[in-house]
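Scroll down for the structure; my scribbles are underneath it.
In order of appearance the chains are A, B, C and D, and numbering begins at 1 in each one.
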Amino acid sequence: MDRTVPSAILLIHCPDQKGIIARVTEFLSRNKGNIIDLDEHVDGHEKIFFMRVEWELEGFVIPMEQISDRFREEIGDRYQMVWALHYKGTKPKVCVFVSKYPHCLYDILSRYQSGEWSIQIPLIISNHDHLSDIAARFDIPFYHIPINRDNKQAREQYQRSLLKQHEVDLIVLARYMQILSENFVREYPNKIINIHHSFLPAFPGAKPYHSAYARGVKIIGASSHYVTTELDEGPLIEQDVVRVSHKDSIQSLMRKGRDLEKIVLSRAIWHHLRHNVLVFKNRTVIFD
Amino acid sequence: MDRTVPSAILLIHCPDQKGIIARVTEFLSRNKGNIIDLDEHVDGHEKIFFMRVEWELEGFVIPMEQISDRFREEIGDRYQMVWALHYKGTKPKVCVFVSKYPHCLYDILSRYQSGEWSIQIPLIISNHDHLSDIAARFDIPFYHIPINRDNKQAREQYQRSLLKQHEVDLIVLARYMQILSENFVREYPNKIINIHHSFLPAFPGAKPYHSAYARGVKIIGASSHYVTTELDEGPLIEQDVVRVSHKDSIQSLMRKGRDLEKIVLSRAIWHHLRHNVLVFKNRTVIFD
Amino acid sequence: MDRTVPSAILLIHCPDQKGIIARVTEFLSRNKGNIIDLDEHVDGHEKIFFMRVEWELEGFVIPMEQISDRFREEIGDRYQMVWALHYKGTKPKVCVFVSKYPHCLYDILSRYQSGEWSIQIPLIISNHDHLSDIAARFDIPFYHIPINRDNKQAREQYQRSLLKQHEVDLIVLARYMQILSENFVREYPNKIINIHHSFLPAFPGAKPYHSAYARGVKIIGASSHYVTTELDEGPLIEQDVVRVSHKDSIQSLMRKGRDLEKIVLSRAIWHHLRHNVLVFKNRTVIFD
Amino acid sequence: MDRTVPSAILLIHCPDQKGIIARVTEFLSRNKGNIIDLDEHVDGHEKIFFMRVEWELEGFVIPMEQISDRFREEIGDRYQMVWALHYKGTKPKVCVFVSKYPHCLYDILSRYQSGEWSIQIPLIISNHDHLSDIAARFDIPFYHIPINRDNKQAREQYQRSLLKQHEVDLIVLARYMQILSENFVREYPNKIINIHHSFLPAFPGAKPYHSAYARGVKIIGASSHYVTTELDEGPLIEQDVVRVSHKDSIQSLMRKGRDLEKIVLSRAIWHHLRHNVLVFKNRTVIFD
């Protein structure tokens, strides 16, 4: 659903029990909130209840700054809920990390520039300077911050200060070929999206197209996930695949893979920006 | 979700307005119905609200035979709802219509026989006797009812009397190569599922693989839909496609298409049997 | 196969008969041409033989300018062949036509700029000025040539003079929302590639996403084809699809469709640039 | 291509060198063999040439029993070729191994019974008796051979004697839940086809749907491969995938997976039966 009215979104999870939906929708309708979208999911395995509810702010009688407290008092605490409250309307600030490959960066910038995504991109960070021309074409500040084993800690500190300074909400690793250190990752839980060029959990780590070629797979994939401290093990947001054959050399796997990578990464970013994603026990619930 | 507890399902649509979800869930929870699944959809174009809600019958305080009346009085009339109430537990009776092609019939019978689907198949009806051996292998009565222009009305009358006699709930046209007359179709609204061997609305009518070959398409498809009085125009339940190339002859399109046809038809039947399908203005809402 | 050695490519079709492959490969090997790729196809329906053969020019004893004549004398005439001879190495000149939608243009320009495609883009032509900024970002001359019913003939004349002046080899209609007149199309047979935003032959003409929504399809597609004088009826080069559901509004169909459109168009351009495409009776043979 | 004329098929691989295609096609055409299909592939990485050529036996001047020798003398030895010569026309004998799951068996038997595949199925072998009724329905001898750690060697000996006795050409493991011992596997190189219920190399071994659920993948797959002495590591013949979501329980992954498994296994069998498959260094070349 593509709507433009100002709205609020609650992403909720809690132990499953009777009457949760009734309580939440009663709370919203009693306060004159018109529900635009409601989606719920019960994980029967884990006995966990998940919910995404979006309602129009126009006419809602609780002021924005009090919604969270009122929700906690009336419902949240009682049901042991974990929840996040988001508002549509403000443009989130996104920082893109890149290395040498331009395809994902171009795809992101074209969506940004054409207004497909309502975001700000205050800066691009790279450990190489190959893509600085692209940043210049799109008038975005480009920080070339080379990293090696010796300077990694200091350079990451610099990166993190830039992110703080620009009040970055989301970090996108657009084929960034460095592993972020644990402290960095822990500072941005479920706020760093990576694209890995394989169908995870197949072929984690380096050179997945070479491995796919050697294994003789008939389909290749790309996987976008939140970054956690375990390499290529974070919660998957989106995956897609394309059929290949014995005719494909490693080079042509890379060529076909590039198109997958950029589309899969952009779909994942879009879900994140829409507040469609809820993470629980390293799995995602995607309400779309 | 695959659950085995006895449950009831309400499929609802009505003009969109505030508070519907709250009212319905409050009604269920007040009567001690534990909601297993709730899915709603608002068609912003048509301003119509759709809902599928499934709850456990165990502990529900309203007796089964009174649920419909109580729902009407307390909610349904007030919101101008159209709704259907279903119960899981009873095995629906399915009649399969076939002609000469066995692949869809085999697929249906193997799911039936292996218990994948909890149904009864009291009879198979065919205008040819090619597949009578298969019916015999699976111990299902096979009615060979040849149809031509002259006898069509009488033979359909006979078919319909068989359906009545066996209290058939669902008719599946598994590559049945006759067009049902309007009266027949009108007697079973949204209760006749057909498989068409193209990606509708491309290539309706006869010989779609020949047309696909002639047009040089790079992908072929199959479409399953409820039968209406307009040929191949009924509400689509499920579609799927497979990539083809210039190497495919008409024969190999048919071969690849057969696998599509049987899987797409079976998925559509499954959705129908699960009461996942809601029809509105010739489109389906599939709550899965 | 991705190779960078200078090579020649023959695309051949002729009535099927014995010994063609032997004759062609003997001709090449006798003249010391090392075959890199050979693919043949026999259309059993039409009794037509198709072949794509690529060989290294290094060591080939026939000078480039004599290959065509020698091939005709020794083989082509005898087998009533229609053939085209191409060389890899020269950068073809591509002109992109656009209107208001930027996504296909961005995709083309990013592949061009990053060197994924070895082409020149001497100019972009548009009937609107919406995308002139993008052309400027990529330093490509942008010709804003508004067209209406009255000036169409004159403006097309101007477009064609620009194409001539820039020696354009390939025209790409990247969501260009004007229909080229017959004379224009006839001047560039199999040299104009269009992207249509539906799974042809479903939903030809205007507003296919609206039609797809109204029909309630479960899958949408995009189709790239050579332009002929019949609207949306030219030979299909590439198609792809994506699954949708009742949740998708017309706007979200458009959003999902944009990703399809740009990828499908770019794949078609790539096949054309590689000389993989052979057209016969409005169908394409794609040797990949 | 679906043809019914009697034909011979050569599957060849050898070190890549100039003139191979010319020599082979010249040999066939000189002996009045009309080539129906020729497909070649050069693995640029390994510098290996692969070829599948099929020609009509009618009119071919070399008697069937001399083709292999004549080919060796004139071409094979000189180019260090490894080749296999097959004839279309004889019905290969296929033995199906099963355990408890019926879906792949049903799919195979329905293709066999309907004449889609031109094969014989002289016997079904199982370590459980769950599916004996199905075998009975299709009038195929069913050998119930329970296997445990203690009797494995003896029971496999019995299985192998049955295969010998029935002159079995191809063994299909249709969700057979026992691992064949190395000696058994070595006796049937590239003649045992298995279906694994994951997108290999992801989730090898036991319970892949449970692992896929735990990992939260957005797509599941099935993989058919020749069995080697390394578990789930043999050359892949065919793979396919289907999209899933957080809504899918382990049970519904299994349900969706079953459809994949049976179709992927049947496609792999079909390629094998058509002699489309060439194995080299644990990868397959599929000429289709």
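Remarks
Quick note on the criterion: a contact is a pair of C-beta atoms (placed from the backbone, for glycine too) under 8 Å apart; a residue touches a chain by one contact, two chains touch by 3 or more.
Not measured: the values here are computed from a predicted model.
Counting hops only between chains that touch, subunit B reaches subunit D in a minimum of 1. Comparing chain pairs A-B and A-D by the number of C-beta pairs in contact, the larger count belongs to A-D.
Ranked by distance of CA centroids from subunit A, the top chain is D.
Subunit B has its Cα centroid 37 Å from the Cα centroid of subunit A. Centres computed as Cα averages put subunit A at a distance of 41 Å from subunit D.
Counting partner chains per residue, subunit C shows two or more touched chains at residues 1, 44, 247, 249.
Note for the complex: subunit A touches subunit B at residues 1, 3, 18-19, 21-22, 25-26, 28-29, 32, 34-40, 42, 44, 243. In the complex of the two chains, the subunit A residues touching subunit C come out as 1-2, 102-103, 106-107, 110, 113-114, 116, 134, 137-138, 247, 249, 251-252, 255, 258-259, 263, 266-267, 288.
Listed in rising order, the residues of subunit B touching subunit C in the complex are 41, 43-45, 50, 199-203, 213-219, 221, 235-241, 245-247, 249-250, 282-286.
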